[in-house]
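Below: the structure, in structure tokens.
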């Protein structure tokens, strides 16, 4: 297995290179003038302004030169000093984020992470429980209802669902507002009286023993978490159900039943642990799949996280930001996948990684 | 397994029956759109929703507009009816292309194996590693810029083919700029939507490949390609069809998400996602203007639901082994 | 089997209930429509939803509603739009310069709401020679920078020299170079002026720097700074009051922190930097009443009052104006893109000022309390409510104008989607379509000015008279303006010798996606034109900004709906961009000779004079010519509103401020109940 992990880790740079090249190729479809538009928010007032910008940022260099510059940095002809370069750990300057890409990630990741972590709880807990419930009652009423609910959940557009929730619980009942914290709370947590250990507001609130902050953060989290998890919830429910069904048909379950074990024990002791094995894989993938959901969810609920930023940068055609953030999120996906695979082989000895 | 058998099974399944019923409803809506929502006399393009003034404030349902108007006074009822045509077109054409691409990549990889397989699967993996929606957003923005230039080139021809299949737009004519943004969204979804089918096809062919008749055919000396098409494809293709039918709904969803972010259909085009995007400006008073979300939202939900219900049942009927996988 | 039947029924029920949900809100909406003030009082409304909603609107607001007082001494603004940088010499957009106006100071500043009267700030007085091209300022003593340095005359000179030499390529200093040297960039002062900065030899570069230094001279002993202009410029003071040219930085501190040290041998290393390359990108060291606390990009910018501000308590900036340390201790600028969130914050008392896009005015009107109106007989002065909590200031004419610029020589090279077939065959337009005066006039007659003003601006705007805005030198009391008149429009089309009335035409008008005002203007123009003749067809297309910018540069757009916000308050800054063949609009309008030469000559004439009475006839003539020749569709100027919480006091309107709400926080107070 160590070999397998090493091999997988070795392949990461190749994937990364492939990904960055693909994005670069995509962006090379743009003319220098279109790329320069990022730096010009209004019509240029001086003649030759756009041409000057193109020259300043080297936008008309051949695309491989630009790629190389982005990868290994730029050498100053006079001083010989090299600046930038992804390989040297510099993801570059984000024009849209008005800071370095690394700073953008550092600033925006906590919001996304908090959202994803909280979404995972109802997701995994509820979906797995319901999936088991459905399988145990196979083809009975409960099963059919859950199945229908899963399809419905799978069919609802994230943004419609989010808007409907806002309609009811914010616009109508004024229970759960958008954003991450109320303004007053936001001011408070930035003061010296509150130490931000992780920038995950809920966790920090608990660490500071400030339950009012915790409550406020939760109040803002409820709707986005529900919105984000509903699609994946449906998916996971179905996987759990079918995995459980498969397990229930296995010989050893029949044997256990034949031995006269009570049904509840058969299920909790023998069936569930085995049925959960494939769920781990899919569950991991689902969490990764949340990445797609965050773009819409963060946009609707006005959360300043990675997803909403990337959407903003992509629309503005900010090449450096898009490249940096895509690389970063791809990295998370790849590592996440690897972890899931390894976990999978640990819990299920039948699977051999090679 | 004849068509009649499948159909009978579908009718008997209550869930699928509802799905079929809904689908039928949408088909009727799309086919007879001009009857349900007549095109105003002086309209130049029936897909542009007629508007009653320019005011931003939405108007709730009333006698003139039975489902009300949304921001910009676009008639919601008209938009929903004609939007069903857009939904069918987008869903079906995207599915067609992703399925073809997936089958091609998957079968070539599986059949030839070796380094071809390795390279193709590595590429598939790279595409799968992208955060799908984010990359689709980027590609759509880029393509909108590229096509906006209106210069000739390979990309324009591919868009023309797509325009021909989607809108029946003549290949000789210039692309209608109103349709252009829809095409760019579709291309992005196709570019990043073929991987699942490729993997499934590859997996199935690898299984089927070991079957005796394939081996037998090879020993007789039949040409590689002929083997591929004669024997392997039909056996591997059924599961793919199931996935494809389920995909239609999710592509419509993805396209709607692009529209919602302002990267899909043009403002005022009969497209459900575009109609819902207006709601973003009215969130605090959404309770008052709920009609601008609920009606188009219901349309998308029911449309996607219909496909998923049918797809789910189809899967059970055609391939019991696949129960529960995506 | 039984379970299956049940399931049938249940599935049907699910679908049916969805449909019911879908149809449900219709009822409550009708109620909401009748009683249009109940938008945000949901809980109180629920029980009454079924009763006829004939209550007084006032009943919605609980009697004795008290607007919460939060954040004492802190002025919170919720807005969108973020500075590109906080380096004043680099900045050429309103958001950045508004912050700089609080942090940095120049020699002069506007006297309260006046845009043409200046008060001394870092100077104690000034005089100009008789010709009006040499200005000498006495520099104030006893002023310290935020980081501790003392203001000396050479700091003032250095700041101006740095601005002129930094001269970023898309920056504001074409104006500065114009007044000092009659050129538009530093590159024009290098060698023969044909190359860029990088092409200059070391000698040429030093010479260019020396030229700049000779125009801006400090005399530390005498405590003066002297500016020598190439010719008298009536708007020189207005430029000095702007932060891009006026803001004063500390030369020693700048050099210590790695910026230019004033040496003519190294200035080119600091020429045309990217925004983030300037050391002042996100740190600041000015003399102003506020200090930059922090800027978290994408989230907030916070300023705090300068506790060591130089102005004494008995030395008000103008009569009755603020003095001493600023009254508002903290200024918080929150970046909130979503309008809905901003509104919610405003209602909760979390923001003292929010930016309200004109189309959403109706959403805040129910909360209007005290209304101050600047345009007496205008719609915006209609009383909407008077027992609410918003301090509303309405009807202010901002120096902004939206024109639709014709392109008289469309570039069809390599194909041009915007002009259709490229021929006047009913499916396109020719390259010289808009060279025809009759067609330009027809377009001007077919544009429904009132509808656009009513819909895009919610009625709050006025039709523009020409390039020069209302209230400015050159704005005429009388004279011809177009009005919406389909008959005259048709007549003009028929008069055109191109035969367009019979053949018809097709063209596209593009706007940048997301710009609602421009979209609406294009849509109204489309509707007006298509109404007069069924063979006329215009397609309005939203496009990403890069595409539009590119197409405009290449001269491919037949019509471009744009906008102009003045850089400095003088008619020159209006006629030059619009009408001059080198102006931002003029150079893509491709105005043809002899009109082109005529306009260029008149503009140069007007700029060379200082006496307002001598200038007036020239600008009035330009104004009339621009209208009669229908060089553009002079569409509208907006009137704007400002919405404050009840606690902000001392506000006044100054049209030259880049952000009306916070360009000069020093003058404001926050007073609790």
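In this document, chain identifiers A, B and C correspond to the written order of the chains, with residue numbering beginning at 1 in each.
Everything that follows uses one rule, which is that a residue touches a chain if its C-beta (ideal position, glycine included) is under 8 Å from a C-beta of that chain, and two chains touch if they have at least 3 such contacts.
Note that this is a predicted model, so its numbers are computed, not measured.
Asks: What is the chain whose Cα centre is as far as it gets from that of chain A?
Replies: Comparing chain centres, C lies farthest from chain A.
Asks: Can you tell me which chain pair comes out on top for contact count?
Replies: A-B
Asks: In whole angstrom, what separates the CA-based centres of chain A and chain C?
Replies: Distance between chain centres, rounded to whole Å: 38 Å.
Asks: Would you mind pulling out the distance in Å between where the CA atoms of chain B average out and where those of chain C do?
Replies: 42
Asks: What's the distance between the Cα centroids of chain A and chain B, rounded to whole Å?
Replies: Roughly 24 Å separates the two chain centres.
Asks: Two-or-more-chain contact residues of chain A, please, as numbers and ranges.
Replies: Only 30-31, 34, 144, 148, 152, 171-172, 178, 315, 317 qualify.
Asks: Residue numbers in chain B touching 2 or more other chains?
Replies: 15, 141, 145, 149, 262, 280, 283-285, 287-288, 290, 294, 301
Asks: Indicate the residues of chain C shared as contacts by at least two other chains.
Replies: Those would be 7, 11, 42, 338, 340-341, 344, 544, 546-547, 550.
Asks: For chain A, which residues count as touching chain B in their complex?
Replies: Within the complex, chain A contacts chain B at residues 14-15, 18-19, 22-23, 26-27, 29-31, 34, 144, 147-148, 151-152, 154-160, 163-164, 166-168, 170-172, 178, 235, 238-239, 241-243, 245, 291-292, 295-296, 299-300, 307, 310-311, 314-315, 317, 322, 325-326, 329-330, 333-334.
Asks: Report the residues of chain C in contact with chain A in the complex, numbered from low to high.
Replies: Touching chain A from chain C are residues 3, 6-7, 10-11, 14, 42-43, 70-71, 76, 82, 84, 93, 169-170, 174, 184-185, 196, 272, 274-276, 296-299, 332, 334, 336-338, 340-341, 344-345, 348, 350-351, 544-547, 549-550, 552-553, 562, 577, 582, 584-585, 587.
Asks: Which residues, counting only chain A, touch chain C once they are in their complex?
Replies: Within the complex, chain A touches chain C at residues 30-31, 33-50, 52-53, 55-57, 93, 97-99, 103-104, 107-108, 140-141, 144-145, 148, 152, 171-174, 177-179, 182-184, 187, 302, 304, 309, 315, 317.
Asks: Would you tell me which residues of chain C are touching chain B in their complex?
Replies: Touch residues, chain C against chain B: 4, 7-8, 11-12, 15, 18-19, 21-22, 25-26, 28-30, 32-33, 38-40, 42, 338-341, 343-344, 359-360, 362-363, 414-417, 451, 455-456, 508, 513-514, 516, 519-520, 523-524, 530, 534, 537, 539, 541-544, 546-548, 550-551.
Asks: Show me the residue ranges of chain B that touch chain A in the complex, using the header's touch definition.
Replies: Per the touch definition, chain B meets chain A at residues 15, 122-123, 125-126, 129-135, 137-139, 141-143, 145-146, 149, 155, 249, 253, 256-257, 260-263, 273, 276, 279-280, 283-288, 290, 293-294, 297, 300-301, 304-305, 307-309, 312, 323-326.
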